[in-house]
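Naming follows writing order (A, B, C, D and E), and every chain is counted from residue 1.
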């Protein structure tokens, strides 16, 4: 058996890459993708963590996360579209009318 | 059949490479495609862990539906490769902090080894088959399941509201 | 036995404030007249409070639960310390209203509402026997005064008003923390219960610091005094009178009422520090007053100096001195109140407060001159007037154990004469300076009436202070019991 | 007797109030007449009190009358119980007598003097208030009441000096007087505080046995009172206010700044004489300060041009004599000199007032001369006063002054060698006194007239003249009538000594030596007078030239030893500088600290605003920072 | 599982959901012609839920095995329903005026509200997560509801972007906690957390990430940065909904977590204390020089999150009962205050930054004394001046914190000192209203937007601040039931 810790370490790396992508990329769409990576990392923990207890429960949880991710993406992409219509840009940092 | 370790190594390599590429590709279309790769890698890991149902859903919903949505939007907006974004001090700092975050999350795993807690290994071993998952979904998570339906519905309503074409006389 | 008099004295003005605020289409002048009547009635109603218990106990007590869940009781009562302060408050209020005829012509109703609300708060501060209730009143009196200064004040009123509030609140929030800790440690916020409670020396030290911080800012004790000159200069006459006459007393009252009996060990421990600050305040305030050119600033800094005497008297831990200190609170209210009224009157005419703009008023405004000299003499402690009795009792009592402090403080008496007579000379004597001096009419009947009660009391308290002292002393004695035990214990 | 005492205080106060409140509506001489009537009645009451006391046996010769309890605080040894009441004993009655007596005369004089002044009602109101304060000072049942009077007379002095509103100098002088007096008051106050701690009482009657029983008291305690006395009685170094106080109306100078108020210091020392005696070296200080002041002021008086200033310095000098007497333990002699001085100095001031009145306000001696032809009566009266001041037999001053010098010499003779020095200073002062008095008289009345030719000096009106005459008589008989030590004729001493402390070093001279000294003093006085009269008697030009081209010492005298300047440089200006410094400190440092706190929060607020720059990535960065903080903590 | 009983007990939860569906249905049947119907439907369901809530009493049952039906949940649910009603009242006139899609708005709002109600009752981490998403996702849309107005869209955009990021942390934290026991139920987790010996670092990290996610929702610094921008850009009723509703719901969830599963470890204590202190300092400093009223309230909301975290800290540290009541009371008073304040801002009529600028309100007290008074009461309550509900909230929290002696002294002192700074800017608002002269003295009083419902809301809410400040007994009783 692969030790659980390996999965967790991998998920930490995926999560970290997601965080890094969110923090470093300016393209809003890529930032979304990074968030998806973070969610995937979480899912990995759900599944791996449930291995020794109740694997079905872990899957159920991950399922919910996927569903939520879908909902988020729907709204998020709609927002990107709307923003793009207004600003002709998908660079997150260009949206900074509100500040200070 | 691959041994679990081999499978883990292969799928995790796919997932990591995909993830790194997502973060580093300048062209969003490329990034999206690499993301599909990462998702597939993770799906493979799910399989390795015995969560076949979830692996399938991962492929269908994530790699399938969600990514299509992404690509659809990218193409709709006719986005090209964004110009090189440069590495500003702020971004450097962000990356540094992000790395710190990873390290801080990863450290305990490296230390802890096995994470099993003493308590509550109460339930019988229920492998994550579709039937078992469904069982959990409709017993313990019955309410969340219903809630998610509303969530999806309202997300749809919201997305439609935001993204629909502007009527000429629509007020600002 | 619950006595409703105090509640009436507090709620009466509050009810009147509500009435004036809510009465649709009430014209300004009737509102002012109504306010005057209400304040006079409140004064009259508060007079029986002066018949305090000669044993120093609390009278006119009212004790009902208010917010039971939070342990807050509506507990009021007065003794020989608080009753005179309550009456001082109710006395000054009608005078402030009378004085407002001269300088408040805009937004009169609002002014009346604020004054009445303030009055309720100030009386409450002196009458509260529950710490939380005290805090509530302490803050409640703050906001109306903030608005009075900020709305009706001079050019830099916003800054001054804000400074005043921030200083006070910075202190009073520490007070709130202290109160809450006391409640945690003793399970009660009731003054009577707390006097029986014992706190460890360490606890006392911290609590004393928290309480004293709030009160010392309010007094104000050097070095927390810099808000006072600004507030005074910018405040309208009424605001200055209340500020000097009543608000500052909340600080000294708090020190005497709460710090000494509740944290006796810490009070004794820190007495040298407070005595030092008091003496520094007396001398430093006096020197600053001397260096000022703005009439109100002179009086403001003189307040710093005078209140230093009060603090000195309180922390001498000697009953004569503390009695004198309590009397001096009243005295300062009378004399400084009168001085601010007078300066307000001259400002209404001249629209300047610079000493250099004045001169020779004695010839053109003899009534004003007499009044000013009178108030000045009271302020500098001329024997035969009230100020002397207070200062004398404070100093003679302090001398017993703290001869050096008392001696240095005595120099304040000297410096007081220097700057106050400088003010009198600059205003009244010498050649006429301001070209319009001749057009300033002398004080009219209303203005004389405004001042008359103060002057009458100055003389009365100067020659026959005993009826008052007789009531103050036992109450003060009770406050000193605990510190005295602490001294003996050392 | 209570009624008499009450009336003594109530009458002046009531009159002050009446005149103050309604005086504006009284015209002409009415306010003055009313006030004079009051003063005269007070004198009558004083006489009644005196007669009453004289009827009592010597050991019980006091009356305590309490009107009401002033304050009563504390218990046990920290009890402070004070009444508003009077304490009548030979000492206070003596003072009362001459205060009301001389006072009445000066009130009388003022009726005419102030007739044409605007606001005479105010003047008389102040004067009545002064009388009240002075009486309460003297009669007060306890030290605090004495202090009340003490400050009261200071206040009246302040008001009366600055009586002429428009005169900047007068206003300034009044303020100076008040403030310098306050310096002394601080001493008085500290003395009281200490006394209360020591004796537990401040009542005169109660303190008397306690003081007598006290073996020693801290010398500083007594010196506290002495500082007070120095302020009120214009001794070194606090004398500076008195010469300036001459800016007030002349009758005020006569009453307050010569006859009565300035002797309050002596009264205090006499009242507390047992304390001083028990206070070790305190009396020596008194003696030396007194002698030094006498000499010092005498020197300054030599070169003053303003007639009132000459008299003012002479007053300071004579007060120095009185303190010298006190310091020697000759308390009775001090009292004696106080009384004679009250007579002749009041006379001199009133006389000078008549001269000034006649010259329409001219006070410069250089612009007088030859006035004896125009003002013969005044000249006669003043000459008597001048002789008395100069200590010429048989005028009043001679007896009292001689007694003081005699005591000093006797103590030296008894072995206290340093007392010879004091005696020498006294004698020298006597010579100076005679000289400057002669100078003043000669410059004023003798020689040729240097008066503005447009002026036509004329004799003073009747009320002024009457007052002068009465005082002239008193200046002649006031001395010999009250005591002549060499003949053992000492009614005043017999009357007053029992309430005073006995001298710590009693000493007696052989009769022959005593007579010899007396003759010597007389000769010195006459000689000095002659020189002075001769010097200034002839042609004025050389004397004037001499004064103008004065050598260095004389310049110093003319500059009054530059005491005012020294004060300004050493105390006033540094203090003022300190005040300005405090102001800057307060503004920049103390307030700056709080403003700095405000600015700091504003700065931080700007920082927060800068961080809030609208960029999503920056926001995410902060979130990550927070996550790192929390995670770091979690790993601990 | 007795579904019928569970449904009966959770009526306040599903009634808004039903309302949401009903609105959508109505909108589908008759697009853009529903008029006031959505608002009425929303109001009716909320009122019904409120009635239902008032007529039943708390039980110890756990509906659907994942919810709570205790006093805490019910009192917060009641509060949320009141907030919802207030937002309906606020939003309707604005939507009508701006001719926005009312059906969608109320549907989204009701969905979000049901998410909030779910959140305060959740006793399961997964439900917690879903509830947060259910309240957030509609709220993102609501913030951007004026999709053609650039600030509104920006507001929704930023909220969404950072919200998604934060929910990544939240999910990860939940996953970590899940991995320690293999279950998401609080009861299962509590069994573990009661035994600190078994708490590994994974647990700690999980808690920390949970705090990141919830810290974002409650607008605690340094997860606060979205708040000012989003509050400013969103339509004012939505801002009010966010400020009052989200804060109440998220703190409700945090409170339950603190009561049930968060262990009293040094790291957690320090972590919460640090968040509290940073929030108080940053929130108050940020507001110090702010002139836009909505941004000002946003910063103040960050500061209040800090104050509330002190209460949470007290719960974690052991003063459970007192601190729970304190936090709930604080939430009630704060919600009331912000509702009043945003309702007030709604009176300014146009959602343009220029009109929300403080400087435009100079001398308002002269022309509109009552309106000025209402805002004064709001700000005094926010500042915690006695006799307002805000004071009692702060007092209550501090009192609870003192149950632990001086253990929490540092955050309490920070609370006191930052309150001084806070008073500085709150009073500046008063100064603008009362002490300055209008820019144009002769200009007539500004014509403000004052539909009856809104005016009533403003008056009632600000009056209630004073009422509850002096006589909180009814509120306390209601919250305790």
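One rule holds for everything that comes next: contacts are C-beta pairs under 8 Å (C-beta built on N, C-alpha and C of every residue); 3 or more make two chains touch, one makes a residue touch a chain.
On a predicted model such as this, the values are computed, not experimentally measured, just so you know.
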Chains touching both chain A and chain E: B, D
Set of chains whose contacts include both chain C and chain B: D, E
Chain nearest the overall Cα centroid: C
Pair of chains ranked first by number of touching C-beta pairs: A-B
Farthest-lying chain, centroid of Cα atoms versus that of chain B: D
CA centroid of chain B to CA centroid of chain E, Å: 30
Whole-Å separation of chain centres (CA-atom averages), chain D against chain E: 78
Centroid spacing, where centroids are CA-atom means, of chain A and chain B in whole angstrom: 5
Centre-to-centre distance between chain C and chain A (centres being mean Cα positions), rounded to whole Å: 64
Numbers and ranges of chain E residues touching at least 2 other chains: 126, 130, 133, 137, 140-141, 144, 147-148, 156, 158, 161, 165, 169, 172, 179-183, 201, 204-205, 209, 228-229, 424
Junction residues of chain B - those touching two or more other chains: 91, 94, 97-98, 101, 104-105, 107-109, 112, 115, 120-121, 123, 140-141, 144, 148, 151, 155, 158-159, 161-162, 166
Per-residue overlap in chain D, given as positions that touch at least 2 other chains: 609, 612, 614, 616-618, 620-621, 624-625, 627, 631, 634-635
Chains that touch, pairwise: A-B, A-D, A-E, B-D, B-E, C-D, C-E, D-E
Interfacial residue positions of chain E with respect to chain B in the complex: 1, 17, 20, 24, 63-67, 98-101, 104, 107-108, 111, 114, 118, 124, 126-127, 130-131, 133-134, 137-138, 140-141, 144-149, 156, 172, 179-183, 185, 188, 191-192, 195, 198, 200-202, 204-205, 209
Chain D-facing residues of chain A, complex: 19, 22-23, 26, 92-93, 95-100
Of all residues in chain D, those that touch chain B in their complex: 617-618, 620-621, 624-625, 627-628, 631-632, 634-635
Chain D-facing residues of chain B, complex: 90-91, 93-94, 97-98, 100-101, 104-105, 107-108
Residues of chain A defined as touching chain B within the complex: 1-10, 12-21, 23-27, 29-30, 32-34, 36-37, 40, 43-44, 47-60, 62-64, 66-75, 77-82, 84-85, 90-91
